Amino acid sequence: MKILLIAHNTFRECVRDKILYNLVLFGVLIIVSSLILGSITIGDVTQVIINLGLSTLTVFGTLIAIFIGIQLVYKEIDKKTLYSLLAKPVHRYEFLLGKFLGLILTLAVNIAVMVLGIFASIFYLRHSIHSSDIHILLAGILILDELMLVVAIAILFSSFSTPALSALFTFALYAIGHFNTDIRVYGSTSMSFLTKALSQFLYYLLPNFGNFDIISQTAHGGFIASEVYLYSLLYGLVYSACILLFSILVFQRKNFK
Amino acid sequence: MPVVVSTHSLSKKFRVGFWKTRTVTALDGLDLEIHRNEIFGYLGPNGAGKSTTLKLLMALIYPCSGHAEILGQPVTDVSNHRILGFLPENPYFYEYLTAEEFLTYYAGLFGFSSYEVRIRVDRFLRLTGIADARKLQLRKFSKGMIQRAGIAQALINDPEIVFLDEPMSGLDPIGRREVRNLILRLKAEGKTVFFSSHILNDIETLCDRVAILNRGRLVGAGLLKDLISKQVSHVEIIISGMGIDQLRQVLEPAVSVSQVGTTMKIEVDADTNLNPLVSAIECAKGKIISVNPVRQTMEDYFLKVIQGGTNNPPRHQ
Amino acid sequence: MNKTAASPAFRVEWMIFLGLVFSSLVVVHLQRMIDRRMREHMSKEEALYVTSGKVLKKLSLGNNGLLADIYWMRAVQYYGGQRLQGEKRFDLLEPLINIATTLDPNLLHAYRFGAIFLSEREPIGANQPQKATDLLKNGIDHNPQEWLLYKDLGFVYYWYLHDYTKAAETFLEGSKKPNARPWMRTFAAELLARGGSRKAAELLWKEAYETATISQVKENARENLLALAAQDDIDLLQNLIMKVQRQMGKPLSSLQELVQIGVLNRYPLDPKGYRYLLNPSTGMVELSPESAIRRVD
């Protein structure tokens, strides 16, 4: 209950800080491209719209997740709003989870509106919606799952580091996470046992953002097998939970000077 | 009197510097006891460790050694916070919220029903005099109004023990008087008030007991009436019609003389025989305006213990 | 920190810690499941999201040098990975190398080693020497003064495509570039005069072996030299057998007979220590099927 109150307040903060204004930019982009693409492309225009829409959604979402994510906790410490809040009967983990959920709620609303925009655009171009277009929604959900992991990482870093460094670390981990498969391939081709073991260790330790790369498959109408989709979804959830637990452990011991 | 808040050899060191190698002692073996239904003044110059103590009591930071209890429970037990109120130093709240939303948010954290939340928010907006600004975002609040909102949030749960860190700072004289009255009212309602200040006058006019902190160490504590001596410490004589050089010629060299506006001020020990002094001045055609016996004030005591280090009056039990 | 072991905070921390351990195990398990399923579904169409180096160049926001290095490393890892898994297909090799060289047209090692990966016969390489020449020509377009690229291109023409005229032309062209080694000119002449002689091949590989700085390249040259040496041995043995058969008037059934009649003092072994074999049906000397010597035709 307290977690939800804190989440609600965080959501309110995001809204009043005009974060959802990125939707306007997204709207303009998707409308303009819908109007223009029809006249300059041959073939399936909707595929381009899906690609464009989901990519934009990921980029905006990632930026919000990183830059708001690192501020979530830091801002409350820096502006000392946390002092009065933690003097209420609120556990530190409740605070952390509330902040996390608040931003996830913001991102969910953001993604929902964007997915609706993509659907509207497809309907405009094709004058119909196929049942297979549900894949766009599923892709949106998996992207939200991915962003959840990004937010969790941002919170973890910001619980012991400055915002600038946290942003840097989070972004670095996000980038490395996309090349994670290469780490494993590198290890498997290496002859040295140490390299092999280390690369295996890193492969499982670092978040594998490659698991969430489904945009181009979605655009081509095909979709990854349903069990892989579910595993990826679960992967994001459990990995986020793992990082949040670690953040709580750090946060629980923190001194707010 | 039952003890509601106690600390035992509470110490806190902070690591500072780029490599976190140097340590600074913010609090050094603090022993405090606060009794039920008293106004406890926590006095000390800036940087003495007052806020550190309050943060330790709120479990915002953890001690390096020692421990502290509120109503017999360790301060890390968050369930204590149901009956606590806390106003941080220079508070800053969610600037994007209106005063009403802010108090509603905090009241909700105590699990009150929505009806009760509304009643309480209304009551404390009125009590702290910001009811007219209830629909205004806190970012538009002046420092004094923020302080009032801060007091309102600290009281929203009708706490048994209220911790106020520098509650008067940023307030105008009227606001100070209101807060003073509020604190007295809290005592009348049977609550315990712990408040810190570096302003002596506030402490002097309000507190039952005080503790004085300097550089992380307790340098004096006790009932206010014991700390401030009733005895005359010295006598102040104001004289006009004489220049400072002229006056010096008349008096013994040890007597302190200073110029105050167009008049002269002489300070002599309380047990000095004033007769020869008065006649000497009158002989020199000086005019005595006033003779005031001066008693020791809180300020004198404060300055004495702060400058005197640690060997000071025994702690009051 | 509260040091009392039984305090609630301490117990909570332990629970969080256990949750942490448990959830990280779940994460690893899920990743394994995903990897297994993905291999089933994706083994044929491997992931290469952006196939155009030009697009990537724009997307890299000016970091194309770094990205080129990354793609080059991916190409190397891909090549190594496919080889290690015993895959005979290297479908992604050429696109990966092309992306790397488009991102950074001066990435010399990508052209040079890329050409070797592409042109070696399966299962060592992708057996696409034509693509290797395209790659190297592209490299020469962007780096016209680099004699090593001419050397490599000539090499591909000579060794993998057996186009001796083009090889000679390329070597001659390259010999005019700065720092070109003098043997290029000699070799061009040799090629024009004698075509695909083993002598010429040995010369070339020996040069490659001696100048190689990368261990894999050196190793490749060594393997080819050993293969050529084995070919020399086989020719020698073949001549010997012809002579012996003419003297004895009957075909030999194995090389062991050469030892028995005292022509050889021990059984002939190839440079890697495997026995040469005589195929009784054709009468030809061959490498043992187990031999690790590289086959050349």
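Letters A, B and C name the chains as they come in the text, with residue numbers starting at 1 for each one.
Just so it is clear, a contact is a pair of C-beta atoms (placed from the backbone, for glycine too) under 8 Å apart; a residue touches a chain by one contact, two chains touch by 3 or more.
Nothing here was measured: the structure is a model prediction, and the numbers come from that model.
Trainee: Where the centre means the average of the CA atoms, what chain is farthest from subunit A?
Mentor: B
Trainee: Of the chains present, which has its C-alpha mean closest to the combined C-alpha mean?
Mentor: A
Trainee: How far is the middle of subunit A from the middle of subunit C, if each middle is the mean of its Cα atoms, in Å?
Mentor: Here the centre of subunit C sits 41 Å away from the centre of subunit A.
Trainee: Taking the mean of the CA coordinates per chain, how far is subunit A from subunit B in Å?
Mentor: So the centroids are 48 Å from each other.
Trainee: State, to the nearest whole Å, the distance from the C-alpha centre of subunit B to the C-alpha centre of subunit C.
Mentor: Measuring from centre to centre gives 81 Å for this pair.
Trainee: Would you give the residues of subunit C that are in contact with at least 2 other chains, written as numbers and ranges?
Mentor: 1, 9
Trainee: Give the residues of subunit B touching no fewer than two other chains, as numbers and ranges.
Mentor: In subunit B, the residues touching two or more other chains are 62.
Trainee: Mind pulling the residue numbers of subunit A that touch at least two other chains?
Mentor: 253
Trainee: Mind pulling up the subunit C residues that touch subunit A in the complex?
Mentor: Of all residues in subunit C, those touching subunit A are 1, 9, 12-13, 16-17, 19-20, 23-24, 26-28, 30-31, 33-34, 37-38, 41, 47, 49, 70, 73-74, 77-78, 80-81, 83-84.
Trainee: Under the touch definition given earlier, write down the residues of subunit A that touch subunit B in their complex.
Mentor: Per the stated touch rule, the residues are 1-2, 5, 9, 12-13, 16-17, 79-91, 253, 255-257.
Trainee: Inside the complex, what are the residues of subunit A that reach subunit C?
Mentor: Interface residues on subunit A, with respect to subunit C: 93, 179, 182, 185-186, 188-189, 203-204, 208, 210-211, 213, 216, 224-225, 227-228, 231-232, 234-235, 238-239, 241-242, 245-246, 248-249, 252-253.
Trainee: How about subunit B: which of its residues touch subunit A in the complex?
Mentor: Residues 14, 55, 58-62, 78-79, 81-82, 84-88, 90-94, 96-97, 101, 105-106, 108-111, 150, 153-154, 157, 163 of subunit B touch subunit A in their complex.
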